[in-house]
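The following blocks contain the structures, represented as structure tokens.
What follows is subunit A paired twice: with subunit B in the first complex and subunit C in the second.
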Partner chain A sequence: MPKDSGIGASSKRREDVRFLTGTGNYTDDINIYGQLHVHFLRADVAHAVLNGVDTSAAEGMPGVQRIFTGADFEAVGSIPCGWLITDRHGDPMQEPRHPVLAHGKIRHVGEPICAVVADTLAQARDAAEAIVLDYDALPAVIDMKDAIGADAPKVHDDLTGNLCYDWGFVEENRQAVDDAIKGAAHVTTLELVNNRLIANPMEPRVAVGEYNRADDFHTLHTTSQNPHVIRLLMGAFVLGIPEHKLRVVAPDVGGGFGTKIFHYQEEAFVTFAAKALNRPVKWTSTRSEAFMSDAHGRDHVTKIELALDAENNFVAVRTETYANMGAYLSTFASCTPTWLHGTLMAGNYKTPHIYVNVKAVFTNTVPVDAYRGAGRPEATFQLERVIDMAAHELGVDPIALRRQNFITEFPYATPVAVEYDTGDYHATMDKLIDIADFAGFDARRAESEAKGKLRGLGVNCYIEACGIAPSNLVGQLGARAGLYDAATVRVNATGSISVMVGAHSHGQGHETSFPQVISEMIGIPEDQIDIVHGDTSKIPFGMGTYGSRSLAVCGSAMVRAAEKVINKAKKIAAHLMEASEGDIELKDGRFSVAGTDKSVAWGDVTLAAYVPHNYPLTDIEPGLEETAFYDPANFTYPSGAYSCEVELDPETGHVKIERFCAADDFGNIINPMIVSGQVHGGIAQGIGQAMMEGCAYDSDGQLLSASYMDYAMPRAGDVPFYTVDHSCQTPCTHNPLGVKGCGEAGAIGSPPSLVNAVLDAINSGPGKKVAHINMPLTPSRVWAAMQ
Partner chain B sequence: MYAFEIERPTTLDAAKAAIADGGQALSGGQTLIPTLKARLADPEKLVSLHNIPELKGISTDGDGRICIKGATVHRAVADGASGYPALASLAARIGDPAVRTRGTIGGSLANNDPSACYPAGVLASGAVIVTDRREIAADDYFLGMFDTALDEGEIIIEVKFPVPQVACYEKFIQPASRFPLVAVFVAKFADGVRVAITGASGEGVFRWTAAEEALSANFTPEALDGIAMDSSPMIADLHGDKAYRAHLCSVMAKRAVKNAK
Partner chain C sequence: MKVSMEVNGRAVSGDIEGRTLLVDFLREGLHLTGTHVGCDTSQCGACTVHVDGAQVKACTIFAAEAEGAKITTIEGVAAPDGTLSTVQQAFQDYHGLQCGFCTPGMVMAATSLLKDNPKPTEAEIRHHLDGNICRCTGYHNIIKAIMAASGQEMPALAAE
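Now for the complex of A and B:
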């Protein structure tokens, strides 16, 4: 019998009432009396020396308050990168200055050059058209391998070249891996592209800056996944505003997918300009701006080698990846292709020798940073594709080859520096085979063939690392921030509860699932509990939401804070019932004395805490509010097995996804419906990457996929009905809820099975055999590969 | 968007006067409005054709032709052109419901996007475009990408479609825009077969005369075997190269013949 509340219940998402009835409060809904509007004049060339900016004709145009240029920001800090990577040779990465507005040089199409602030947006746009830029175009650097060639133009003149870093992991293992590959019975080599993506959250980025001259106080309203991170980065590194004079508010946010983690120039600009003009300043991105200013995702070019012994045991994996940084280092750009990618190269397999090399490269393109999965999809894709390829080369069953090499004993320390606490990869594979009806595949293939179509089945496994992770460890790895989270549980006098959390909900359903946990712990109804998030003036210093970390990290902080609350409440209850604290039990919202019929209600105890007439004032303070900071001991390691069935039209190359099945192990589950929704959304994005989405630049650095006319996003008709299962549960051993995180799994786990399925379909036909096709597998690419 | 004036006349004469006075005709706005929003056009005055009863409706004339007024929206054609099922089917598959509720046949033909659906239906049907000044045969109307026989300020009043014995519109969509990557309209009349292709050529919609000859002799998909499409005028872009588009012309034409009714 499914529960109807608390942990394990599919409670309906309470936040959807406002989202679905048009009563949400998004950043663009915020309009402040006296606000001005900014329009950014953005670069339409990819690379140029910017000799000067003539704003004279624009200055006097109607409504114009002020026009800012790069010169106005010379004394302002650089937009910072949050992670320092140390290269193979022990040297720090090259870290260029990232100005708020371009100054002296233009480095990518879409880079902001001037900011026109006017009474209305139309006036700002009109004036921007009267600005004259004086620049000399330079050859653009677009292809990564060209970019690190000896004669390549430099994106940043003050750096030694376009190589940001050359990272080896684990560098000490390099020789052993080389030796293992030399001595292997079979080596499968795959060269592939992990395609560049544009995140396209439904809500574009928005920023509204406010300044109160009387208090010298700044407020930034922004579309962020992590308001405290923005306050830290912008306040400390860019604008020099102390924390107590800066409030960052991220209200309802319409999707993030990673691209709203980062601190962007527009946020610093509106905050800066609000003070300079002593008026609120608002910016709302157009969709066109979003394409060329939101950080892009993925964009790896990789060669992977998988070595096997004569019995088909994996003996070594060696990879070489070129990772595109774009023109500047976005907030977490440097760690995505390294620590979030290299550490996952063991996958679900007991490969003893692994070496990962990553060359991060500057190009004249939009900065690239974390996008749903961030490094882990790139790791999973190459590994699961090369395993499939090896299975076909060796003539063995791809599932059997995987099973033979599964890690089966936990904890398991990989050769790439992480320790998996729990998992059961055979169990998820068994579950997948069950729910996907592999037994009926041959009959379905025959039906497709009777219609002149080809049918393919693809499978893959995945492992990911979520809940990033012990602060002392990430500090050693180069993180410039801690990665704990925080929660305050504030019990009100009548017993209702407000929980202030550092995590930020922008689609994840925290407002529903977090109260389920508190409800379970105390035994009061979920509707007595509310979550407060997204405002640095209200919440404790938490690090926000990304990397599937909210429940594992912030949820754990909330549990710790609630435990403190319950412990204190038990002291109060013991006093009220004149019993020993050790005998007090809390169940269904009542405190009772073990072995007696004495009890008091939750609300009586909370009232006593705030009206402490009969209260142990000499022992404990009044009030009932506790805060906890939680720093995880390890990452969590969700895993799973996915399969996909496709039907391919050989005449056109069109692929229809007929079935998609996912068997995930997320550890314990708080709200199964929300977990299913997260997996559905993740798979949809994986389908987007694998089949449709492809960001493309021409050799001059013009963005070819700059609108929905050319950048294909999946629509409802492009995705199948999913079969998802999360009944395989090996709880995390090191957080109090035993949870692992589910937000990114679908996007990480789905692209390999999609590509494996299409190749299986092609190779089941009478025509040419195809070993690999780079994503996205558009009809034209599939058809061309078959010719 | 730049500032502009807008007039909403309720008679054709008033619209003609406003356009003669320098106004830019605005029909369904499915191309013009995005163009304005991107500041790629700067008309001083728009003249909406949306409120003119004379420009709306579907009828059958004395020659049995299906006559569609210029400001008739796609959805109305999808629902109302039952006398020409292939044309109704074409209209039913343009864009999405929002586009079909606003977009008009006259707007589509005046714009002549090289990937639009209606030009294929009009050209394959041998339709007649009736303007406020004259009648233009489809074969004389489409002059290339975004180019038509219309003069400045000329308004499409009506399009008259002869109804073929059987016809079919087969569309293969471009995955991002959902416009045709290649789409083929095949129409079989008593005196021969017409085949029009949209999406494929940089010159816009065109007739595939070699296929027409073969199909006029033998209206079967097999009749197109061995008839190669010249790939040189084809569009090459992110979504398909010239060879792919040329190949799709053949595939879609065969499917249209097979499914014609």
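Now for the complex of A and C:
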């Protein structure tokens, strides 16, 4: 019988009511009395020397308050990168200055050059058209391998070249891996592209800056997944504003998927300009601007080699990856292709020798950073594709080959520096085979073939490391921040509770799922508990939401804070009932004395805490409010097995996705409905990557896919119903709820099975055999590969 | 120029520039911020409203073109006492939304569909939503919600 509240219940989302009635409060819904509007004049060339900017004609146009250029920001800090990578030789990565507005040089299409602040947005746009830019175009570097050639134009003149770093992991393993590959019975080699994507949350970015001169106090309202991170980065590194004079508010946020983690120039600009003009300043991105200013994702070119012994055991994996950084280092750009990618190259398999090389490259393109999965989809895709390819080369069943090499004993220390605490990869594979009806596949294939179509079935496994992250570990790896999280449980006098959390909900449903945990712990109804998030003036210093960390890290902080509250409440209850504290039990919202019929209600105790007339004041303080910071001991390692079944029209190359099934192990689950929804959305983004999404630049650096008419996002007719299951549960061993992250799994786990399925369909036919097709598998690419 | 129309049953008017889009008049002129702007090429559907009963993307027409029209926005869908419409309630019951940004457009599009086609098939629903992009849900639960709102059983595959 499903529960109707607390942990494990599919509680309906309370936040839905405001979203369904148009009463949400997104950043663009915020309008402050006296506000001005800014329009950014952005580069329409990819690479140029910027000789000068003539704003004189624009300055006199109606409504214009001021036009800012790069010169106004010379004394302002660089937009920082949050992670220092040390290369194979022990040297730090090359880290260029990232200005708020371009100064002296233009480095990508879309880079902001001038900011026109006017009374209305239309006036600002009109005036921007009267600005004259004096620039000399330079040859652009777009292709990564070209960019690190000897004669390539330099994106940053003050760096030694376009190579940001050449990272080896684990460098000490390099020789052993080379030796294992030399001695292997079989080596499968695959070169592939992990296509460049654009995250495209449906809400474009927005920033509103405010300044109160009397208090010298700044407020930034912004579309962020992590307001404290923005306060830290912008305050400390860019504008030099102390924390107590800067408030960052991220209200309702319309999706993030990673691209709203990062600190962007526009946030710094509106905060700076609000003080300079002593008026609120608002910026709302158009979708066109979003395409050329939101950090892009993925964009890896990889060669992977999988070596097997004569019994088909994996003996070594060696990879060489080129990772595009774009023109500047975005906040987490440097760690995505390294620590979030290299550490996952063991996958679900007991491969003893692994070496990962990553060359990060500057190009004249928009900065590239974390997008849903961030490094882990890239790792999973190459590994699961090369395993499928090896199975075909060896003539063995791809599932059997995987099963033979599964890790089965936990904890398991991989050769790439992580320790999996728990998992059961056979269980999720067994579940997948059941829910996807593999037994009926041959009959379905025969039906397709009778219609002149081809049918394919693709499978893959995945593991990922999320719940980011142990601070002492990431500190050793170059992170410039801790990655704990924090929660304050504030119990009110009448027993209702407000929980202030560092995590930020922008679609994940925290306002519903977090109270389920507190409700379970205390035994009071969920509707007595509210979650407060997204405002640095209200919440403790938490690091926000990304890397599938909210429940595993911030939820754990909330549990620890609630435990402190309960312990104190038991002391109060013991006093009220004149009993020993050790005999007090809390169940269903009542404290009782074990072995007696004495009890007091939760509300009696909370009232006593705030009206302490009969209260042990000499022993404990009045009030009932506790804060906890939680720093995880390890990552969490969700895992699973996914399958895709496609029907392919060999005449056109069109692929129809007939079934997509996912068997995941997320450990314990708080709200199954929300978890399923997260997986659905992740799968759809994986379908997007595998089948249709592709960010395209021409050789001059013009962004060709810069609108929804050119960048193909999955629409309702492009996807099937999904079958998802999360009944295989090996609880995380190191956090109090036994939970693993679920937010990114769908996007990490789905692309390989889609590609594997299409190749299976093609190779089941009478025509040419195809070993690999690079994503996205558009009809033209599929058809061309078959010819 | 002056423009007058009826929005959610209330007569409204405003002084606007001729180039003002209906969506901007709703959001900025009338402070009805439930109608969202997700793109600038009339592709995403977040700004979908009803104009004289027809489903219209409010970024595709000027406010002046709606002179004298009867407009319904997401704020006008629930009953005056706050009771959600059948479609709205189904979206909550079936978890048909996550971040909520595309949701107003989805609800307006779904409401329009069910008015003209009370028992749409799965394929008809997916086709009808072609102009409404959602990045969070993978559409699964949106389709389920609309089928449920039309009183239909869910397909077995969607039952999970």
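Assume the second predicted complex is superposed on the first by the 787 of 787 C-alpha atoms of A that agree within 3 Å, B and C clash if a C-alpha of one lies under 4 Å from a C-alpha of the other, contacts with A are read in each partner's own complex, and residues count from 1 in each chain.
The working rule: a contact is a pair of C-beta atoms (placed from the backbone, for glycine too) under 8 Å apart; a residue touches a chain by one contact, two chains touch by 3 or more.
Quantities reported herein were computed from a predicted structural model and do not represent experimental measurements.
By the document's definition of touching, neither partner reaches A:567: not subunit B, not subunit C. In the superposed pair of complexes, A:694 makes contact with subunit B only, with no contact to subunit C.
Contact comparison for subunit A: of subunit B and subunit C, C touches the greater number of residues. Contacts of A:783 after superposition: subunit B is touched, whereas subunit C is not reached. Shared-chain residue A:537: touches no atom of subunit B or subunit C. In the superposition on chain A, contact of A:708 is made with both subunit B and subunit C.
Of the two partner chains placed by the overlay, subunit B and subunit C both lie in contact with A:288. In the superposition on chain A, A:654 makes contact with subunit B only, not with subunit C.
Judged by the touch definition given at the top, the superposed model places A:125 against subunit B, while subunit C stays out of reach. Judged by the touch definition given at the top, the superposed model places A:506 against subunit C, while subunit B stays out of reach.
In the superposition on chain A, the residues of subunit A contacted by subunit B and by subunit C overlap at 122, 288, 708-709, 713.
Taken in their complex, subunit A has these residues touching subunit B: 122, 125-126, 129, 288, 651-654, 692, 694, 696, 704-705, 708-713, 778-780, 783-784.
Across the interface of their complex, subunit A is touched by residues 1-3, 38-39, 172, 175-177, 181, 237-241, 243-244, 247-248, 251 of subunit B.
Here subunit A touches subunit C in the complex through residues 12-13, 15-24, 26, 28-29, 31, 122, 200-204, 252-255, 257, 284, 286-288, 506-509, 659, 673-674, 676-677, 680-685, 687, 707-709, 713-717, 719-725, 746, going by the rule given at the top.
Listing the residues of subunit C that touch subunit A in their complex gives 17, 19, 27-28, 32-41, 43-44, 46, 73-75, 77-78, 82, 84, 88, 91-93, 95, 97-104, 107, 122-123, 125-127, 129-130, 132-143, 155, 157-158, 160.
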